[in-house]
Structure formats: C-alpha cells, structure tokens
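Below are two complexes that have subunit A in common, paired first with subunit B and then with subunit C.
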Partner chain A sequence: MRSRAAGKLSRFLALLLALLMLMMTGCSDQRIIEKIGFIRTIGLQAAAEDEGEEEEEENTGKIKVTISIPKTKEQDVIVYSTVSKTIRQAIKVFDLQNDRKIVNGQLRQIVFDTALSRKGIWKYLDTLMRDGSVGNRVHVVIAEGDLNHMLSRNFEQSGPAGEYIDNLLRTERRMGDVPDSNLYTFLRDYKDDGIEPSASILKETGNSLIVNGIALFQEDRYVGKIDAEEKIYFGMLLGNIRAGDMFLDYPDKDFVSEDSTLMRFNSSRKLKVLSVGGGAQPPKEKISLKLTGTLLEYNGGLDLESTAERHQLEDEIEKFVQLKCEAVLATMKELKSDAIGVGQHVRNAMPYAAWKRLDWPEEFARSQIEVHVDVHIKSFGKLQ
Partner chain B sequence: MTEKLNVFHIALLIYMIELDITIFSLSRVVAENIGTNGWVGVILLSAAALVNIWMYRAVYVVGKGRSVHEIAETVVPRALLIPCYMALSLFWIAVGALVGKNFITLYQMLSFRSTSEIMIFLFYCVLIYCLLVKDLYSIVKATTVFFLITFALNILAPYFSRDWSLTRFTTSFFQGTEKGHSLAGWTEVFIVNIGYELCMFLFPYVDRKSKLFKGVVAGHLLNTSVQLLVVFIAFGFFSFQQLQVMEYPVLNTLEYFEFPFINRIDNLIYCVFLFPNLVSSVMFCYAALATMRRVFPKAKPKLLERGIAVVLFGAGCVSIALNPFGNLLNNAYYLETILAFLIPALLIPAAYRMRRKERSAGHEESGSG
Partner chain C sequence: MDKSGSAEADATALTDRPSLQKILEHFKDCSDMTRRSFSSCGVEAVYFTFLAGNDELLRDLVLPFADADPQEAASVLYRPPYCTVETLGECIEGILNGHAAIFLEDRAWLADVARSVGRKIEQSETETVIAGPHDGFVENWTENLAVIRRRLKSAKLKTVMLSVGEVSKTKVVLLYLDGIANPALVDRMTRRVESIEIDGVYDANMFVQLIDENPNSVFPQFMTTERPDAVTSKLLGGRIACIVDGSPSVFSTPTSFFDFFASPDDYYQRWLLGTALRMLRILGFLITICFTAFYVAITTFHYEMIPHTMLLNLTESRSKVPFPPLIEALLMETTIELLREAGARLPTKIGQTIGIVGGIVIGQAAVQAGFTSNILIIAVATSAIASFVIPSYIMSASLRLIRFGLIILAGILGNLGLMMGIALVIIQLAGITNLGASYLTPVAPANLADAIDTFVRGPFYALRKRPSIAQSPNPVKVKMKK
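The block that comes next holds the complex of A and B.
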C-alpha cells in the first residue's frame, strides 16, 4: 500500500515538474508579433560621401545604414538611418528609437549603393550570414542613385520599396535573364575560384523601379555592369533561360530585318574548353547556345511564308545574338570578371596544382571565347 | 529474454544510432579533411567501419553469442574489470550527454534564443530517462517510429536540382584540404559512422534467427547512403571553398527551401532531428546501463537508470558551462573510435580463450563422467 502511494506521489511530482518546465520555457521565449519590428530591407551606403565635408574624416570607413520596417496592417513603412561602423551597431541605435524589438527574421533584401560596393561588400554580408535568423534567400542588390530616397518611397505598384523590390526580382528571376543574386549565390560564387558573383542593379524612375543591369564583381568589389538591354544575353551565357522574351533591334547595314521579337524562348548553354593555354598561349573556350522559341513580332524585308527565308531569319538572329554575346563577353573580359563561370570549366580541364598557379582573372581577360548560336523558331504565331 | 530483436529492427536501430548531429557538419568536415570529391573518402571510411563490424561478428561467432561482459569476465578477474566498467560507463554517459548538448546548442541558436540551454537539456534528459527505464525492445520499437519520421525527409533532396551543378565537384580528387591529409583529419570524418559498435550490447537480445550482423551491416549501409546523399547535394549545391567556411552545411540547405505557402522551414525540420540524436544518446546510456548492471548486479530496479540520468544531466551541464562552443563531442568520438576497434581486438582472443576453457572444462566433465 505504501509503495503504491509513493508511486502515485512520484508520478504526480514528475507531472508537476514537466508542466512547470513547459510553462517556464514559454515565458522566456515569447515572440508577440505586435511587439516585434521586422526589418524588410537593409540599405548600406558609404558614409563619407553622404555626410557633410567636416565629418568626412570622422566617417572614414563608416557606413550609412538605412532600414525599413513595414508597419502592422499598413502599406506604410518606418525608415531609420544612421552612420555607424557595422550593421549591428546601427541596429542597436535603431532599437533605442523604436518601441518594438527589431529582428532580422523577415529580411528580404540588402541593398548597397555603388560607392560602397566598389570598396567591397563581403564583410557586411558576413555579418548577416552568421545570424541564424537570416535566411540565405535574402536578395543582394546594387542601387544606382539615392538609396535613402529609394527605400523611403511608396510606389504605386506594390507599395513600400521592400515589398516591391522583392516581387520585382522574383518575377525577373523566373524569366531567367537576371541571375538569382541572393546571400546563397553570392557566397557560393564569391568563394568559388572559377566564377565571380553577380547581382541585379536597381534604379529609381519617375514612378517605379527598374532593373538597370547586372553588377559585375571582382571578388566582392563591384567593378562594372552589363547594361539592361544586354542582360538577356548575359543570362544565356550564364545558364539556361526558361520562357524568356528577346527584342532584336538589328543594326541596319548587315541585316535584311529591321526588328523582331522572340517570345517564350528557352536557351541552353554548353561550354567546352578547347585549350587551357599556358605561357604565351591564351586559353580557348567555345560556348554553344541553343535557342528555341516563338516569333511574335517582325518588321523587315523577309517573307516569313517562305521556308528558305524563315531559315534566313534564324541565321540573322543567330548572327545578332552572337554579336551581342561577344559584346557582353568583351565587357566582362575588360573588367576581368568571369561572372559566367568559364573558369570552373577550365579548372576541371587541368590538373589541380596547375590551376592553383594560374591567375584566372588575368587569363580570363585574354581568353579567346568563341560563341556559336543555334536558333530554332518553332512557331510564327497565329498569322502566316 | 522473451522477445528477440529481428533483422529489420536492428538495421533501423543501427541507422539511428549512427545518425546524429555530426551529419550536419559532415560536408564541411569532408571538404576540410578529404578535399575535392570527398565522397570517395566517405565510401572508403564506410568500408573501414564494415571491417570493424566484421570484428564484432568474429566476437559474436567465437564467443557463441555470449554477451561481451561474460566473455571479458571469463578471462579477466572481476576486480580488474570493475574499474574498467566504471570508466567506460562514465565515458558512454558523457558521449550521450555531448550528443545532446551539441544538438541543443544549435537548437537554442535557431529557435529558443533566450531560453537557458540547461533547461532544454533537462527536458532532453527526461526524455532519455523515460526511454531508458523501458527494456531494449521498447527502445527499438520507439526507434522504428522515429526512423519513419526522419527518413521521410530524404524525399526533399530533388528540390536542390535547380541549383545543383556537377561542375562544382571539380575533376581533382582529395585536393584543397585545409591542412593536408592526416589520420586525425580522416578520423574526423570517420566519426560520423560511430554508433555501430553498440551492436555488441545486442548479443543477449538476439538468436540465430535474428541475423544480427545482416541487420548491423544493412543499417550501416543505409546510413552511408544518406551520408553520400548529403555530401553529393552539398558538393554540387555549394562551391568547394564555400563548404569549408560553413559550420553546418545541412542547415544552410534546409534554409533554402521555399514553398508558395511556407518558407524557412529549417526550424521545423531541425526539430525532427531531435529523434536520431535522442536515439544515439539513449543507446550510449544503455551501453552504460548494461555495463553498470555487471558492477551492481543487485541494484534496485530503476536505481541505476536514475543514477545515469543524473550523471547525464550533470555531464551536460558541465560541458555547457565549461565549453559552450568547443567541440568536446569530436574528442569524445575520437576516443570512441579507438575503443570501437580496441574492444573487439581484445575480445576476440578473450573469446578464444573462453572457448578453450569451456572445452577443457567439458573434457574434464566428460572424463570424470
């Protein structure tokens, strides 16, 4: 009898202990959504440029951090800005101003201005990547123009800038002509010795934002860009495009056609290393692109009812795309930024030790890269 | 011994003991210590573990299925064995505690940032105690359920195909290690296999029909295939140099999931990994329990289990307090690796000796009869 009573008591005590522990855990880690400020966007600028001249010396090496926090149930944001040494230091200052606890869990993008990104952005990304609450799909974006103004605006389309940038980049990425530039891809390509990272460039217009090109990097330093009109060709050189649209504005003299639009095309890239070079010999590579799509717009001298002239049009598109791709490659070579990963293939074609001795950015700059384009128009729409 | 384990349960148990927190950092450890195309090294090390399993099979066969304690006790005087038993038991409890501590440190970083680690660890110890007071058969049944929950996560693997590229594997083998190749480095990768050696405590629970070693090998190979899957995904999804700087590559891959209805499911999925860690901890504590029963054969029921739970909690608290970020678990696993090879190396001759003793005793009996 006694032992049964003792057993009951110990069971009761165990239950009490378990309940107590459960409740105590709940107390210490409360997260009440109304009491939390979720940072949507972090904007970073070089401080010295932004602040007055007297402060320039004091601000050397410092950054201007701007954050935007969406308000609950409103299409409105709170924007804070301060000059500090690091992102964390700035957030401590914002915490003193805000009545809610500021957290990183809903961060969607980190935006750098061009001046700061030319100095290198790795150390700021490092801060974010260490934080367990920050996901690796946070977009890394370069902004042209006044970053503060951009982040504090409310746009007609999607409301606050943070929301708008997120939607805009996701849509563009689905087309495949801008690289997916987020913390994961940036770290991946920054650390890889055969490719350089790339990121989308955004710019303000009268009533919207526009993807104004692709930022090219040498390690973590922004060194130049591919213009917006050419980003589709960059996309083809980088990898596969799914359902992309391409407007071809043929230069007059060498083409019969004036302009055309290839819609919903798919592209695939094959990269072959012909020679790894060495000494005076530059490396030689061949990029073969295959495009298949629908032609929905055409102005020019070709008769699209004739099979022969349809093939002629395919040849013209091939020639045009080749020229454009070569121009994009020339820009990248000039900037010594191999953002399409030619180096990964060269690395795989040579012994490890020889690759380690190679100064790839320099070798890339003198690489001879042939571009072969194969275009197949599978349909010409509903009209003959 | 009413119910005997069958081959299916043994396989799942071994798989679950081997799977623990070390799988989270496996890809990094492989990139650091084995280098490019490190998956080949994972296969080689799994084969080394198979050799070790074969040694345990030899102990089982030569010892005619006697428990490892019985084999040891027929050869070595009890007075000498008791300190060894005590030391081993304490060590295994410490291993169990460190597995839990490492899991919880990460769990706290992800989900419960302001809750005390010791509090979460206390919960963990309560769970272990609840399993430990049951017999081995019940632990194995619970393990089967835990297995189904965790193994289902492998269906998420195709999600990474879009960003996965074979080009990142590179064409070189075993290059780019941080400090060259060393025994210590390869052992750091080998420890992900640790756990199969606990099959030596299953001897009393099996008979010929159980096909113990078929189960152990199947469980081990299943674990190796999961390791390979993890390493394959990581080497194609991340760049090689990136892998070397990421503490827990598996966490980074989990972070990448994004579905139209939910994203950042890494916190949810990480919770599921409680189970494999729990099974590892429980089985190390079980090893300690089985050994302590030889030291205190007349102990009251549940007394030893309670003692182990208390020591477990104490060891966890000490490791949290002394060395919150250090990797004591790795050091403990190094020692466990040495033990995993040393114990059968000592037991095989002991089993032969036991056999000879029994044979001569048998002869004497039949002679006198």
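The block that comes next holds the complex of A and C.
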C-alpha cells in the first residue's frame, strides 16, 4: 500500500514538474505582435567615405544599412539608417532606438545600391538565409539612384516604398517577363553550375518607381544590365512566358510594317547543345523560341485578313525578335554573365570532370548561340 | 453491494405466496395507495392511486366486481386481462409498475390499470432536421419501443428487458436484429448492463457513463440520439440499441468517434450534398478546436505567418488591448461559454434577450473598449458557430472543453504546443474502445468501405456493407446493382 501511495505521489510530482516546465518555457521566446517592429525593407549601400562621425578610413568596407518598419497605420513607416559592418550589427543599433523589438520575419525585400552590388552581395544574403524567420520569397532588388531617398518616400501608388516595391514586382512577375528574383532563386542560381543569378533593377522617377531593367551578375557581383525595353526578350530566353505583351517597333529599312503589339502571348524555349566545343572550337548552342499570341495593334502595309500577308508579318516578327534576342545574348556574352542557364545544358552534355575543368564564363563569352524563332498569330482582334 | 438487514429480510420473503396482509405490510406508510374492497364478492384490490387511470379502473375493477357474486368474480379472474401471480416479489413489482393487485380468497392476480403518462411524440429539440421524419423519442419507454417496432416490422427485432437501479428499478430494453447483430456483442452488453449496481438511473446519457470503458475520457463513447430513424439505421447496421425508461435518448453501440458527426439528414439529401455536409462538419470540428488556439499561437509567437496587410490591421487592433493574447482569448472564450450556458438555462423568451445583449456587448463594445481585438472576436465567434455544426450536443460540448486546453498550450508553446495538444487528443481518441471496438474506426483500423460512409456519404449503390465496427455476421446490406 505504501509503495502504491509513493508511486502516486511521484506520479503527481512528475506531472507537476512537466506542467511547470511547460509553463516556463516559451515565455522568453514570445513575440507578441503589438510588441514587435517588423522590418519590411532592408536597404544596403556602400558607406560613403565622408559619412559618419568616425574617421574616414573607418568607413571603408562598411555598409550603410537602412531599414523601414511599417507603423500600424498603413501609410506610415519608420526609417532608420546607420553605418555598420553587418546587417545584424545595424539592427542592434536600431533596437536601441526603437520602442518595439525589431524582427526579421516579415521582410519583403532587400535592396542594394549599385555601388555595393558591384562589390558582391552574397555575404549579406547569407546572413538572411541563415535566419529561419526570413522567408524564401524576399525580393532581391538593385536600386539605381539614391537608395535612402527612395526608401523614405511615400508614393502615390501604394504608399511607402516597401509596399509599392512588393506590389510592383509581383505584378510585373505575373506578366511573366520579369524573372522572379528572390532569395530562393538567387541562392539557387548562385550555387548552381552553369547559370548566374539575375535581379530586377528599380529606379526612382518623378512620381513612381520604374522597373529599369534586369541586373546581370558574375557570381554575386553586379556587372551590367539588360535595358527595360529588352527585358521581355531576356524573359523569353530564360524560360517560358505565359501571358506577356510585346511592343514591336520595326526599324524602317528591312521591314514593311511600322509597329505592332503582340498581346497575351505565350512563349516556350528549347535549348539544344550542338557542340560542347573544346580547344579552339567554341561551344555551339541553338535556342528555339515558339511564340503564340494575339495581334492587337498594327500599323503598316500588310493586310492582316490575307493569310499570306499574315504569314509575312509573322516572318517579320520572327526576324525582329531574333535580332533583339541576339542583341540581348551579345550583351550577356560581353559581360560574361550566363543568366539564362546555357551552361546547365552544356554541363549536362559533357562529363562532369570535363565541366569542372572548363572556365564557363569565358566559354560562354565565345560560344556561338543561334536563335530560331517561330511566331504564330492566333487572332488579330475583333475589327476586320 | 452493502445491504441492510431489513432488505435481506425482504429478499427472503419475496418468494412467499402473495397475500393482502403482506402487501399492506410491504407498502406501509405509502398513503397514495388505495385499497378497495368489493363486499358482494369478497374481492380486494390494491393499487397506487395516481398510477392508475380512471377508465382502466372502471373497465377492469369496478364494472366486473361491483355487483358480482364470488363465483362470477372467480370466473372473471381466470380470463384475460387478469393474470395470476405466484410470488410476493412479482406482485410488488406489478403494483410498482401501476398494476392493481387483486385478491380473492388465498389467490392473487394482477390487472394492468396503469394510465399512459408523459408527453406525446413530438419533434426532438436537440436534433432537428430539415428533410426527413420529424418524430422524436419521448420519456415513456413503451412509446419508444413502439416507434421502433413500427419502423422495423420484423420478428428478427429482438428485445432483452432488463432493469437497473436498486431503488428506481428503471426499465432498460436492449434491441437488436437477430442475424444481423453480433450475438457475442449482445451477450457482452447484457452482462454489462446486469452488472450495474446503483440506486437509480435517470437518463440514457447518465446510463451510458455507467457502462463506459473509459470513464475518465472527455469524449462521449456511446452515441445517444432522440431520433427513431437514426436508431433504426443503427439497428440495421448491426448495432445494438438500448432504451432507458424515463429518457428521450436512445443509445446505440458499438460507436465510433465519427458517428457523432453524421446526421440522418445526410442520407435524405442527394449523396453529393450529403458528402459536402459531412466534409463541412469535419471542417467545423477542426475549426472549433483549433481556430482560437491558432490565433493565440500566431499572435504570440509566429508573426511571420500572418499576411502582411492583415498584420498591420491586427497589430493596430491588438495595440489597444492590455492583455497578452492568451489571457485575451481565454476571457472571450469564457464569455461566450457563459452566454451559451445562460441561453441554455433560460426560458426561450429571455434567452433571445441574452442573445441580443451578448451580441452587442461582445460584438462591438468589447472591441471599442479595448478589451479584445476584433479579429479575436471573429475567431471566437467562428469557433463557437462551428461547434454547433456538430449534430451531437454531447460531443460538441466535449470539443468546446478541449478547445480551452489547446488555447492554453498554444499560448505557452505556440504552434508546437498546438501540435502537441492535437497529438494528445489523437492519442486519447486512439485509446478509447467501445464494446471492444476501436473508437477511431475507420481510420484506425483503416477500412475503405467504412470510410466512404464516414468522411463522405457515398451513393447508396456504393454503401454495400454494414459498418465493420458492428462485426455483423451478415455484412451485405445493398444487393442492388448500380
């Protein structure tokens, strides 16, 4: 009887202990929503040599970190800015000023200025990737112009810069012509062989932000860009477009038409490695693009109702797209940045040991890539 | 069982031959007992005044014996409806059930003069359906048995009459369909009912707790219903039903957890609609136990999970509230429970007032006063509404209780706590048995044929078999081709 009573007592004690352990854990880890300030945007700039109260040489290698925290009223943000060595160090400084604990879990975009991104951005992204509370879909953006000014501005479109950038990039991506540039894709393309990451470039204009092209990288260093007018061709070369719009402004001399717009087209890309090259031989690849869409704007001498003339127009569009794509490829080759992943196909076509010996950026720069375009106009609007 | 000396003395005397003296001695001090003497024939009758009906007394006592001579009286007594009784015990039981004991010379008879009492068959208050039969069980067991007999016109419908309660002697009737119900289960159930030793039983929902296999579990283990059509379908499914006198609830066994989420309505709708309703109830089950707890977990620990735009609104609403989310949620949940309990106790007319007052106080004033955030109001109200989707009132009450445990766990450990809580609930559910059958059938043990009549309501051509939980010796119920 005694042992049973003792057993009961010890069971009760164990239960009490378990309950206490349950009650006491977690309390320190609480993040009650009204007691935290969640960063929406992190802006990173190379620290200017003359900025900060410290001596000038102290600033070399340092970065200027700007964060923006939305206030509960949707239109207001708090912007903090400081010069430090890493993001974490900066957040410690901001924590001293802010009345709420600053957390990373609602981060939506990380914006680099061009000067810092030319030096390489991986070590900053690495900091964020290690943080479990930061999501994979945080946009990686390169900003042209004054980053501080951009982040502290309120825009007509959707208020604070953070929310505006988020909405803008998501809408653009849905159109299908801007590749998704977030932490996940950046990490994937950075770590993978035979492809370089890319990111969207934003620029301030009078009353808005504009997607001003696609940033091309070598490893994690920003080396150059594709202009905004050409980003649709970059999109086609990179992968499939589901519902893009394309304005075609034909240069006079070789074309019958003046301009036209192909609406809601979808494109598919096929990449074939013709020869992996080696030695003096450059690698040869063929990219086949297939475009199907609706023609909703046309100025020029062709009669769209005639099948033969429509085919002629299709030929013109094919020729035009091919020229543009070749121009985009030329830019990338010049920058030695294979952002569309030609290297992945070449890698798959050769033994891995051979691939490891290959200096792909150099090979890419001298590779011969043919572009073959096939256009099909599905319909040309309701007006005959 | 502890018996007093006098009770033992009673027990030995019960086998004696009945006599007027012994009966009067037995019912000493029962002032509502009537003794009637018919001097012309020497017949003596004893009965309880208020159990007997005037018409019955007139028919069976007054008219035959008032002017009869002893020979006439004796010849009448050897015809129906009079039946002779040989022991005192039988005689006492008869009198307690509203019969009149009739004595002539040294012999005794019983005549059923009990008047029918209780309300008429009417619609069940707790389980209403839109389409389908509207009759519900009543307190009188004979009425309930008759209602079931009327639906199952078969000699295979067998009954076992038992009585439970040392003092109350409550009638308990086990029903089963011979050849469809498993005889081993019937035996087991009979033995279990016979083993009950208690002074009295007042309701089927109380009765089932006496024969539960897991008396400390929060979940009800026998499915009780007030609907005859539900009991009929259970009987045809090979289960055993049980009527307890004085209770409008009839229970059936073996029961699985998911039986509590099925309503007879499901079978009266087209099967696609029935399926949608079943899924809606399972969704309701998840919402009612998890939703508020989830709110507490994410507002306390997991701000990353909230969509950005909603987070801003939520933060603004929460910033006026002085309590942490756990306290806030417990306060609101308690208020809702108070409101519900008050509504259940009050007469319908005042109950409506409570609803309006509660609606205004909880809906608006609490938020404006900075007492709670408005999103919590939505969470609490949604989980309260979702709890009423569950057809069984008893089950819905159990689930509401579980909710509090989950809220506390979520407030302490966040989503981890919520998951731990759900795991504990599942462990508990998996441990329950009902008449030896697993409570989680058809999930564990898994059974596809049962599942199409549990999570979905399959078309009738697909529901070919009786539920496996009943272990029926005759499992095929639909022989039709599609």
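Basically, the second predicted complex is superposed on the first by the 351 of 384 C-alpha atoms of A that agree within 3 Å, B and C clash if a C-alpha of one lies under 4 Å from a C-alpha of the other, contacts with A are read in each partner's own complex, and residues count from 1 in each chain.
To be clear about the criterion, a residue touches a chain if its C-beta (ideal position, glycine included) is under 8 Å from a C-beta of that chain, and two chains touch if they have at least 3 such contacts.
Note that the structure is a prediction, hence the values are computed from the model and not measured.
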item	value
Which of subunit B and subunit C A:351 touches, first, second, both or neither	first
Touched partner set for A:341, first subunit B, second subunit C, both or neither	first
First (subunit B), second (subunit C), both or neither touched by A:135	both
Subunit B versus subunit C as contact partner of A:197, first or second or both or neither	neither
Touching partner for A:33 - first (subunit B), second (subunit C), both, neither	second
Contacts of A:70 with subunit B and subunit C, given as first, second, both or neither	second
Touched partner set for A:189, first subunit B, second subunit C, both or neither	first
Intersection of subunit A interface sets (partners subunit B, subunit C)	25, 29, 105, 135
Residues on subunit C engaged by subunit A in the complex (per definition of touch)	299-304, 306, 308-309, 311-312, 314-316, 318-319, 321, 324-325, 409, 412-414, 417
Residue ranges of subunit A in contact with subunit B within the complex	18, 21, 24-25, 28-29, 105, 132, 135-137, 180, 184-185, 187-193, 195, 341, 344-345, 347-349, 351-352
Of all residues in subunit B, those that touch subunit A in their complex	36, 109-116, 119-120, 122-123, 126, 163, 167-168, 170-172, 175-176, 238-242, 245, 252, 255-256, 258, 263-264
Residues of subunit A touching subunit C in the complex	22-23, 25-27, 29-34, 36, 38, 40, 70, 72-74, 103, 105-106, 108, 133, 135, 163, 166
